[in-house]
Amino acid sequence: MAFMRNCWYVASWTHSLTASCPLAVTIIDEPLVLFRTREGSAAALRDCCCHRNAPLSHGRCENGVLRCMYHGLMFDGSGQCVGIPGQTHIPSTCRVRSYPVLESRGCVFVWMGDPARADPLLIPLPDDYDPRDWDLRWTQCDLRTHYMLMNDNLADMSHVAFLHEATFGGGDTRIAETHPTITRLERGLRVERWLSDRDRVEHWLPDESNPAPDRRQDMWLAYDLIAPGIFVMRTEIHRAGVARESGYTAPTLPPLHSNLNVQAVTPVSETSMRHFFALGPPRLETQDNPALADAMFQLMCKGFEEDRIMLEAQQRNINRWPVQAANAIRHDRGVHLLRRIIDNLVKQDSESAPAPGVSSAGASTASSASLPIS
Amino acid sequence: MAFMRNCWYVASWTHSLTASCPLAVTIIDEPLVLFRTREGSAAALRDCCCHRNAPLSHGRCENGVLRCMYHGLMFDGSGQCVGIPGQTHIPSTCRVRSYPVLESRGCVFVWMGDPARADPLLIPLPDDYDPRDWDLRWTQCDLRTHYMLMNDNLADMSHVAFLHEATFGGGDTRIAETHPTITRLERGLRVERWLSDRDRVEHWLPDESNPAPDRRQDMWLAYDLIAPGIFVMRTEIHRAGVARESGYTAPTLPPLHSNLNVQAVTPVSETSMRHFFALGPPRLETQDNPALADAMFQLMCKGFEEDRIMLEAQQRNINRWPVQAANAIRHDRGVHLLRRIIDNLVKQDSESAPAPGVSSAGASTASSASLPIS
Amino acid sequence: MAFMRNCWYVASWTHSLTASCPLAVTIIDEPLVLFRTREGSAAALRDCCCHRNAPLSHGRCENGVLRCMYHGLMFDGSGQCVGIPGQTHIPSTCRVRSYPVLESRGCVFVWMGDPARADPLLIPLPDDYDPRDWDLRWTQCDLRTHYMLMNDNLADMSHVAFLHEATFGGGDTRIAETHPTITRLERGLRVERWLSDRDRVEHWLPDESNPAPDRRQDMWLAYDLIAPGIFVMRTEIHRAGVARESGYTAPTLPPLHSNLNVQAVTPVSETSMRHFFALGPPRLETQDNPALADAMFQLMCKGFEEDRIMLEAQQRNINRWPVQAANAIRHDRGVHLLRRIIDNLVKQDSESAPAPGVSSAGASTASSASLPIS
């Protein structure tokens, strides 16, 4: 399956890209080097010096210019060579490919397709959150699996009951026994649900950092999953009864506890991907409970390690039996919908002109473009 | 070289397959999951959930049913799905492939070919031993080599003088200077020999566990090697002179010491195999000498590590020079005979109907089918 | 790019090949075993027993004969089998391929091409040094890179300013800002230069082993780089002013300090090579300063590790973008010249007869064949 090209991929968390050190990343089989120019903006070049193929990511940042540390050539953020040791003439053809870059709300995005089509409105983040309001812990992990297996995983939370029984799931299998509301966005899904009258889910947190001591609780889960693979989920804990009082739709009452989870799925190759993830409670909650964000982070890392083991094994099976037909189950609705959306976006890539109506996207247009699926 | 399909392969030692935990094994490139049904009998399924390719070996045994721990589907020993979370309808087409399984004398055998041809009489074990009479230590090891290189190894014991000089061989090179009697069985070889008037071979055992202190000894070695690769050897130590008194044929006197060695060679892929091995003295001997079985086990593990290193290097050479002709030597008789037998069995696999006269096999029919080769 | 075949490759340092132990080496994709015959001369055979493909390098040296330690066959230095356990007849066809071998000044050379063309005059070492005059430390390292990337590296020292800034370079970038004199040899290059009025370069040596305490110095660097990849460099430290007094040509005054560096680049496969290197001061210097050779050796190992990391990354980039054109810079002169020389030698390999005028080579003929390049 071909990769989407005309889209923004998360290349790095913003804080991972410093002014002092270039950063190597690979996206859809293209090795890139990221660095910061003199103005502090992020730049992305092919990670290959146009002199003798040395990796520029082994280079050195010198006042916003990147020096190749093999023979000393220097490149600016546009990829143009601006210095060659031992000679004064610099051919204008001495340059490496550059890629459009944008930073938004903690993420460095790179556009891998036609630079003329790079559109800031296509940044695949929902509008309705500001990461600075949350006490997030940010990290990343590499998986030897096709990135769509992670998108499948995120599009169907029923697996939490089984794969994450010991972490996120907490032994409650109702998330697999019932079904969420799935809404189609222009380039993704919105998935929402209540899990009502359940044991408190923070059983896995240390007592001193447990923010919601009530035993019976209602839990609201709502996330957007936007192509090529950005996931933003809000979890809210309410007292038992709020689900019913809200008519099983989005709650309007303030929650007892909430958290924000941001994930990005970036394809590295046909069989590998980088998983970016961040999780945390509101900053207001952690003022009185500084251990809470750390405890949640530890839980998240353990849970996503369960995903890594499963998805890598799933990929090995797919390599072994590539044509095996999958038996669909009812929980696959979101999976199939997201696959169709991404398939269509891949097809649009191969068209010569931008498709009409794709000039904006993301959850910001969800209200007008939404289409309930049941 | 194609693999035999219509035969029983050792998939596991019986004791390694418990009621509580599924077991992943790969045989002739087919990843399988073994588990025990409610009745305790062994079952073998393709290790790939028919929903989304998750490995069933990462699953959980629940009262004789295997649950996939990705999305929670459940399968019985026939491969039929018997539960899907979130829905009541279970399509009868929701099933995974199953394989015939038999257990016999410590081994779990799986039939990889046409299930209609799976014949218990083809279980490749000699009739004349009961593992419960022996104080065996059982283990296994994976080798990155074609399984026929291990069968070649087992079909010619002359290598013990060189490769195992420091372990099994004990510095005695007469096993390479003389030749055994080789008898053709219906699906394998019987190899028998005396090594007479030799230093005691237990030099490698600690003194306290040395069962045969006489310095000069006669040793009787007799083994069956049956396709696809099961090896059962009895070693007997007699006082010097018994070989001649027996006319250099099988001894009838009780030995000073004896041991049983069971090995199974299971192909995993074209370049990898699993080696199962067990060794031990009679239970009657270890009542007075409990350290003896452990000492023999340590020796065996060290010796088979010598084989692993050599066979993996041999495989690398074969990969490098695949068409190199081998110079045959006199010790290759058993090797060539076993290769012909297995080649013929592979050819029979590609015939549509079972070949006449192959409905029973193994050493049990050796006396009628035997054919001396000298 | 095809490998040169009709040439001498360094297979080992002389001291690494002992009488007691065979040595496995791979050159241009041919696995070899080296051992010493009864007379002490080196022999090279294909590392594959002609019986059943066992590696002879796992074998045992027995009085100048190599015994395969799988089934015990024995081979002499010509590759002829001279012993088969269990039989007296040894077919004359039972033999393995042998390769011409020569030893010279610390190196074991193997000829990988037509044995009839193996010519001692083609040994690729300059005549004008005797390793016994130098207190050399010898070692080797394996790199996952095509050997020509190391030859490129050695043909252009400008990279010392950047890649080796913290080791050989010492922060002085003038080696990249100026250019050496390059002279074409019959099968290689001679590269010579002064770096004048510079800080003393031994900053990296411990004070007690620093042989040249003058602060301002002139440094003379001169090396031959001969196909397929032998590098012999002399470095001389002189007082400031000697460069100018010598008219910027080779100095005739004795240096304050000097050292000899010998390297050999041996291709193992299309993407791997073995790097042999040795470095040291004159024996006369180390009589009063025994720590000097060790300090230089440590510096060298650290510096060549910088090369290894860069060249392996460069190779990965070449694998990723194999057709990318390189932008040439002025410092590439030596690189391009050596590439042309080796390309021509590869072409000569495919001709049926030895090319005229190639019967002698190396720096010994440099004075007559030299051709200045500027």
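Here the chain labels run A, B and C in written order, and each chain numbers its own residues starting at 1.
Simple rule for what comes next: a residue touches a chain if its C-beta (ideal position, glycine included) is under 8 Å from a C-beta of that chain, and two chains touch if they have at least 3 such contacts.
Keep in mind the model is a prediction, meaning the values are calculated, not measured.
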**OP:** Could you label the chain A-chain C interface same or different, taking same to mean over half of its residue numbers are used by both chains?
**Re:** different
Subject >> Equivalent-chain rotation between chain C and chain B, CA atoms, steps of 5 degrees >> reply: 120
Original post:
If you average the CA atoms of chain A and of chain C, how far apart do the two points sit, in angstrom?
Top reply: 49
Original post:
Residue numbers in chain B touching 2 or more other chains?
Top reply: none
Original post:
Which positions of chain A touch chain C when the two form their complex?
Top reply: 29, 31, 47-48, 50-55, 58, 67-73, 81, 84-87, 91, 93-94
Original post:
Of all residues in chain C, which touch chain A in the complex?
Top reply: 152, 156, 158-159, 161-163, 165, 173, 176-179, 309-310, 313-314, 316-318, 320-321, 324, 326-331
